[in-house]
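Look at the two complexes coming up: chain A is in both, with chain B in one and chain C in the other.
Coming up: the complex of A and B.
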């Protein structure tokens, strides 16, 4: 049963992360550093504007997701575990699905900490916290299906570190635009806007999850 | 295997004919675009850049749809010929998308007053350009013929999502860029008949040029594949 295997891979990933939380620590440090540096670069007043704060946050999240996913696959490669997983029946689907589930959980934690940090550092007055939580969940759901897909495509290639952002960021443009606008709408109190962008983010997450589960197993050798 | 890969196909044998047809078609289309068609009431002679700009954009769409179809065919059959078609079409597509952006920028200066505008059609075209540059980069980072072809085919399928987004972006979002004048939902072009005829002629000419470039590039790729297989044997 593929779903059971997906959960097994995700649980294995969570266990590995609990033992050595280098992916989570790297991602959260990266998000915090990037928010701090970007806010300093544009100036705290400009960075505190809802659309700017939202954009800075989601750009940091996209890069953190790439970092965490690359780290997760590096761990498989270092342990030679990936070949064993791929050799199992249904192992390719399970690897993609399991990584997406595990990365989503990790990014949810990173978004929570990063979001709180942004709110405190930039003194953001959030008009609709419930809507903001919805946008954050939908935005987090939209990143892993695309990023795991591209990390898988670039697996075992030289210059992978440079290649994954080059491939993933243009494809992530709609998700970044939707997440930024949705977050800004929730901060300023535009409920309709926040819900509209949330719906779009969920649609993108669904499309890329189905696409990933359909074609990524073909790309895995 | 090596013989069958290196053997010229009927399309490649037709290259001289396509080359001659390209020259004739381009000559006729340029005459129509530069001399026969009238200047625009508002833009004057500046409008003549439309003929090459639109033909370039059409070729970019065509090239990336061919990448998509060849990618599906490769994953289905695992025949290297489809991979050769995909890479050839992607390279031509990147070239013509780049030219579309440059020509659009040149046209934007006298009409919009700026070289670059952050409007949806321009931005989505630039994103499409970046995506397919990434596709070519992915191909260049692997030496293994089958793995490279498989990865590129998966990417070629994923990236085609952007082609309808680019075309429909002006309809979905309010923008400076004019709405479609030929490929409209109601199939009724809004151009002057002589302008429309010139545009169609230029588009046909560019499509013949695409076919010519494809035969040349596919031939080069097939020979490269044969060399790699020969070296491996």
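Coming up: the complex of A and C.
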């Protein structure tokens, strides 16, 4: 059954990341550095403005997601590990879902650390923490389906390291805008705004997940 | 002929070059050896059979239980050989308990089996990959240069294993430059040019 296979691939990804947490460490380092530079260079007053803090946080998350996803697939290409999956019955169908699940979990950890750092370094006073958590979850859910899709499509290309950000970031703009607005709304206490943007983020996540599950198995040939 | 697998009228184009053109191959139970110079398309033929590259034309017929072992071991770095093989076995519905004895029979100690694969030697990684033959027990086994990187003991074991598979009426396709003695026991030797 495909769901079970998706979980197996996600578990394997978690094992690999536990053995060599380079994707996680790179993503955390990137997000933490950006937030630190933001707090020092822009100054706590300007950096703590909800739209500014939210925008920089989600830009950092997008790049961190690209970094972690690219690293995950680079690992698959070492020793042709990905071929072993693609040649298995159901492996092709489960690969996309498994990667999305694993990277969502990894990004959730990165978002947690990044969110705490933002809160402390930028002295953010969060009016609606529950709503903020919802926006963060929806925002994190929306990133891997898009990025894994483009990394998979560019998998066999030599220039994939350059191509993935070029292809994925423009597509992510609406999501990043929604995540930024939703986060800012939760910080200032606009519950309706936060929930509205959360709904939109979940819709993005669903659309791209369905798209990825549909086209990636064919694209992987 | 009672075929286990077949390629019929297959054309494979990689980049701007047709590697296989209108190629037909019927694979019967037993051993099929594929030979040819570098660049003749031996690996492409095996990858086509494994469904790893698209066919520009023609059809591929392979059993559900097909095992492909490529030129590289296909094991994920950062994960132990044991966990890699357990993961791959789970896709075939094979019990994870089969992994330990198989790795041991290919000469990997329990300690080596639990080390991340990138810390093993190339020969140990190859032996770990070859143990998939015992674990997954497939009807069609595709081996691309399986004797590369392994020592004499492992090569002898692999030759024995190939004979056992042929005796069990399974089909084994081997792409290799070496081991001329394989040809004597093969059902068929395919020469690509």
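The rule we apply is simple: the second predicted complex is superposed on the first by the 213 of 221 C-alpha atoms of A that agree within 3 Å, B and C clash if a C-alpha of one lies under 4 Å from a C-alpha of the other, contacts with A are read in each partner's own complex, and residues count from 1 in each chain.
Everything that follows uses one rule, which is that a contact is a pair of C-beta atoms (placed from the backbone, for glycine too) under 8 Å apart; a residue touches a chain by one contact, two chains touch by 3 or more.
As the structure is a prediction and not an experimental result, all values here were calculated from the model.
Of the two partner chains placed by the overlay, only chain B lies in contact with A:159; chain C stays clear of it. Residue contacts after overlaying the shared chain place A:171 against chain B, while chain C stays out of touching range. The larger set of touched chain A residues comes from C, when the choice is between chain B and chain C.
Contact with chain C, but none with chain B, is seen for A:84 once the two complexes are overlaid on the shared chain. When both complexes are overlaid on chain A, the residue A:149 reaches chain B alone and has no touch with chain C.
Of the two partner chains, chain B is the only one touched by A:219; chain C is not. Of the two partner chains placed by the overlay, neither chain B nor chain C lies in contact with A:37. Once both structures are placed on chain A, chain A residues 221 are touched by chain B and, in the other complex, by chain C. Residue ranges of chain A in contact with chain B, taken from their complex: 149, 153-154, 157-159, 163, 166-167, 170-171, 173-174, 211, 215-216, 218-219, 221. Within the complex formed with chain A, the chain C residues making contact are 50-54, 64-68, 70-80, 83-84, 87-88, 90-92, 116-118, 125.
Chain A contributes residues 5, 8, 11-12, 15-20, 75-76, 78-81, 83-84, 86-91, 221 to its touches with chain C in the complex. By the touch criterion stated above, chain B contacts chain A in their complex at residues 75, 127-128, 130-131, 133-134, 137-138, 141-142, 147, 150-151, 153-155, 157-159, 161-162, 165.
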